[in-house]
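My structure is below; once you've seen it, I'll send some questions.
Think of it as A, B, C and D in the order they're written, each chain with its own count starting at 1.
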Amino acid sequence: MSSSSFGRLFTITTFGESHGGGVGVLVDGMPPGVAVDPAAIQHELDRRRPGQSAITTQRKEADQVEIVSGVFEGVTLGTPILMLVRNTDQRSKDYGALKDVYRPGHADYAYAQKYGVRDHRGGGRSSGRETVGRVAAGALAKAWLATIGVSVVGGTVRVADVEASKRDWDETERNLVRCPDAEAAPRMIAVIEAARDAKDSVGGVVEIVARGVPAGWGDPTMSKLDAMLGAAMLSIPATKGVEIGGGFGMCALSGSRTNDVFDGERYSSNFSGGIAGGISNGNEVVVRVAVRPATSIGKPQVMAKTGGGTETVAIEGRHDPCICPRVVPVAESMMAITLADAWLRQRALRGREK
Amino acid sequence: MSSSSFGRLFTITTFGESHGGGVGVLVDGMPPGVAVDPAAIQHELDRRRPGQSAITTQRKEADQVEIVSGVFEGVTLGTPILMLVRNTDQRSKDYGALKDVYRPGHADYAYAQKYGVRDHRGGGRSSGRETVGRVAAGALAKAWLATIGVSVVGGTVRVADVEASKRDWDETERNLVRCPDAEAAPRMIAVIEAARDAKDSVGGVVEIVARGVPAGWGDPTMSKLDAMLGAAMLSIPATKGVEIGGGFGMCALSGSRTNDVFDGERYSSNFSGGIAGGISNGNEVVVRVAVRPATSIGKPQVMAKTGGGTETVAIEGRHDPCICPRVVPVAESMMAITLADAWLRQRALRGREK
Amino acid sequence: MSSSSFGRLFTITTFGESHGGGVGVLVDGMPPGVAVDPAAIQHELDRRRPGQSAITTQRKEADQVEIVSGVFEGVTLGTPILMLVRNTDQRSKDYGALKDVYRPGHADYAYAQKYGVRDHRGGGRSSGRETVGRVAAGALAKAWLATIGVSVVGGTVRVADVEASKRDWDETERNLVRCPDAEAAPRMIAVIEAARDAKDSVGGVVEIVARGVPAGWGDPTMSKLDAMLGAAMLSIPATKGVEIGGGFGMCALSGSRTNDVFDGERYSSNFSGGIAGGISNGNEVVVRVAVRPATSIGKPQVMAKTGGGTETVAIEGRHDPCICPRVVPVAESMMAITLADAWLRQRALRGREK
Amino acid sequence: MSSSSFGRLFTITTFGESHGGGVGVLVDGMPPGVAVDPAAIQHELDRRRPGQSAITTQRKEADQVEIVSGVFEGVTLGTPILMLVRNTDQRSKDYGALKDVYRPGHADYAYAQKYGVRDHRGGGRSSGRETVGRVAAGALAKAWLATIGVSVVGGTVRVADVEASKRDWDETERNLVRCPDAEAAPRMIAVIEAARDAKDSVGGVVEIVARGVPAGWGDPTMSKLDAMLGAAMLSIPATKGVEIGGGFGMCALSGSRTNDVFDGERYSSNFSGGIAGGISNGNEVVVRVAVRPATSIGKPQVMAKTGGGTETVAIEGRHDPCICPRVVPVAESMMAITLADAWLRQRALRGREK
């Protein structure tokens, strides 16, 4: 299996560099006969797109998706679906100055050590642009999951020290930071704007929730649903932590408090985050992702030179002062893809729909 | 690929239920010609073994490992290595009362929904006993990594509210809780003993560090080293969170603070946890794992009955009041296995040792 | 995925050397709730066992199988099934003389070049003994397939120049060579006995037929059912060819002759061997396997010495003059495993039984 | 792993239908720093292209390849390489009449049973057009193998009853049928022309040879090089048999005749086809593939109607009377891809070039 692939049965493989002919995704394992709405895919891509608001990078990419294969007369054929997005706004000159240095926090040095060759015009595969394909694939997974009533929502629940205290998922698309708490959103935005003005960046936390997941998806050992979600989320650029349900917050509590009481139909709490022993338990699946402060900042920084020594350089270009708002659709997509894969495995195991 | 497998090239597959003929692991991809010391494998298993101290479960399992295949005259053959540990202390009667209920926090309900059949005598594959195989495989991975100077250490850095403030890795095996801070250890132990006496449990955090990892291991997208470690750690029973380097703590900081400055040889800090863009950057690889309070507790709890309704039941048996000390060798093993797999992939890519 | 594994969803991984602690198989992906009859597994192993008749090797191995995990109260749990067979008749001394030469036709030289280390006491993983695990796994696959009326039969249809002209599958277990033609069987046996007496060996062809396979199993491109069967059969030791349906014999015919006419229910012929475009078409699935003359023969042969130069050596030991009779259960097993895997994939794709 | 993928480490995944937006391939695992010559890729595609000569289909497809990602300044980046070929000559009207019937020998019925939906405008994924991606990927594999002196050649060695008696690999591109025997070529062509004029088709055999393969590639059990080549070849449309080295012809010989004598440097014969125990032995790797008579013929044929009953229909369109000449570059590609994958695995195992 390619190291650029995710999913055993619902398999996505992304391709493309930020400065080549384009980026995209090859999806295999999508069942046949599922209606595909290109507008729905484009809508998700627009949520991820740079330049969408005042608090994201001002780079402009149209990110128009072409479905090259696997769909006929509006439904999936059950065959590989190639989705391609052309690169358009490639200001390679912005990157010329970076040819001879390793940017701090970036993959430049690790990348050079790994491959011995790199496309210095951008982050190559480490670029956030790689996530275009994930979002396109996620839109397909969401459409399929919706056919049995499974939905995936998400939002920014923390920026720097500002935390959301509500989870109103209808609110997220009404504010620029995609916060499910209308009261916290403007404070988050203010923090982001301050970072932007300081040519710096801030981090945050994104939360993703899947509703309607039947009990029985996932596996008991190496392919625990927790583990697959862990891999899914930590494969997103700039993420450095993931927690399920109670997560790190449970450490200080007792087992008698965090064992979710179940009466056969409902759970009294959700410390397990909807997953027990690696298998969905019928509760909402809840994941939170730690998003580090964007490593691309405008402030001058000390950088190692490829030929030895250091230099203080300011990275020109248009940066995201906080990438949480743009991580939301990507993390939702990875949740949807992970669940689609688990659903297929469960269908294989039991030979029926749920 | 089996859902009980981990690793693309250094592939481990565990097998066995807590109450069947035994548990173990099949390791494939281990290179030929590596010296294998059965005593070293047994030493790691003894670190995981129940009954090893006053603060772990008092169940007794000898956990004697047999190397059935793949090793000849003390060195690996490059062929599949089967390691088998027989079950010995099986008190099925302890579990008889649990046949008709779903234990809270456990996988019982999810398991029944998934499979439609379960071995009610214990946790089946969800049992902590499944980790025997991981530790045996981890011992092999450690031995191989050591041939190029890569070492893996770990310890309990938090129990409930008690945090370690030092990282003295030589200290961990000197105290029962495997804490790298000699001062914090007794306080952690006191908290665990209090939980045990209350027939309850507490959670904590385990930290694993890999030293000497060369730059260039890992992949830039779906198989980021972060992602593989995320899957590795969250596949361990009772874990509900994982963070790399700065993790969730970075969210409140600025990019100018968390971009590790590199002078071409050394890093000024390690917020990236030794991984940039999914690829090792030459710094120490640092992972922390959130361990929930053990779900098996002696206190009476409300449980759903398989036939409907609820019942208050006290689970007889011998439980771990805090599983952190026993998670340490398991998490170290998963780190070692993940790195061994990444090393093999890098050898394939570049055709040389590092 | 381990290179010792076969199958994406019904995954078998064999382990063990001919002269170590034992051989066997780890089966993962077997659905839960399937009845397992240990006697049926043992019956298949006995069909593969050395020493079973006058025309096979006279080595004696009891080949008693132990089911270590994954089965509880006579039904599968849906978890990994480990089956282990201990080695008993290990006459390492027979092999001592072979430590310093590369046997012609054997993997000795290739093996040494690959691994740099080898267990000279036998063929290591290249030994026919590795197939024990395949047969045990095949018995499980057969049992599961039988629940929907799919059966797998096979036999020796050619030995040297003697060809079977009938396909009476009830006949195969009535003669030592497992030939489905009662008239041809004694002539085949005579040829084998002559080879045995000359301390030489002969080749042949084994045919495997699967009946009751529903249309729709398999995939259209890389995982064509033909391709999977090709890999399955050519992974069996001593096989050097495989053909589906009309196979090589179709080359001389015209398309108007070999396009099987279908009336919506029945086919007029079966040149496609039950597979069209890689997908089962509802006809019987028919595969033939070319089995080379056994490379282990008693005649003196010129061999390269590991240190350079050549030597004429007679390989002591007890050899199979024709391995076709013992390949039959192995090839049946690989057919059953391949079909079980395809069935699971189709269940994932369509979410229903067939 | 996607069922449209081939190769564990050198992984290709093809996509595209004959009548959608295009076809192509995603290659992952190609090492970095390898020079890529677009003209060499185009040359291979031209060898596969329809309309290339009087004895192939007269359909015209330009088959111009675009390298979308993974190559920068003429060398590979080590990242996924997407190659895309647009569809141009789509005469869907030719296929309109076929919407309501299942063509004999084709996958139509099996496909409909598998997916429940199909693109009736052509063979969908079962179309020979899917092989475009294989050839593009094969050109990359060939380029990489060439860096250590491994070359892959192939040709048509049989058409109907006409067999080549020579293997002059410099001759193959000088005649339309790609026969390595200049004397047999015109006789083969005459047979093909006769079939074409009769609106019928003929089959044949293609042979592929890899030279310079070092000993030690491949694996001893499930991933034998024989098995991987078996899967590779039988995944090519219209193939129904494969043999390695002596293949089916060995059945009638004795072991003392077919055990290739090795003096430590050279082999006296090549019945093993360069592979012993699944591992390359330093001899030439030789594979032959049985190509059935093309199932698309112009003669009227009885076909099952999708709604029941049968009908006699003549398939309009432009068909290949013998597809061997066009299978040659595809089979060469699959050989090269299989070897590239085995090479990568061996580099992982041993950590060095060969």
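Note that a residue touches a chain if its C-beta (ideal position, glycine included) is under 8 Å from a C-beta of that chain, and two chains touch if they have at least 3 such contacts.
Just so you know, these numbers come straight off a predicted model, no measurement behind them.
Chains that touch both chain A and chain B: C, D.
Taking C-D and B-C together, the chain pair joined by more C-beta contacts is C-D. Distance between chain centres (mean CA atoms), chain B to chain D: 45 Å.
Chain B and chain C have Cα centroids lying 38 Å from one another. Between chain C and chain D, the centres computed from C-alpha atoms are 26 Å apart. Among the residues of chain A, those touching two or more other chains are numbered 1, 3-5, 8, 13-14, 29, 32, 78-79, 114-116, 124-125, 220, 345, 349-350.
Put simply, chain C touches chain A in their complex at residues 1, 8-9, 29, 31-32, 78-79, 220, 344-345, 347-353.
Listing the residues of chain A that touch chain D in their complex gives 1-5, 8, 11, 13-17, 20-24, 26, 28-29, 32-33, 66-72, 75-82, 84, 114-119, 124-125. Within the complex formed with chain A, the chain B residues making contact are 1, 3-6, 8, 12-14, 102, 104-111, 113-116, 123-126, 130, 158-161, 195, 198, 200-205, 214-224, 226-235, 237, 239-248, 250-264, 271-273, 275-282, 290-297, 299, 301-305, 308-310, 345-346, 349-350.
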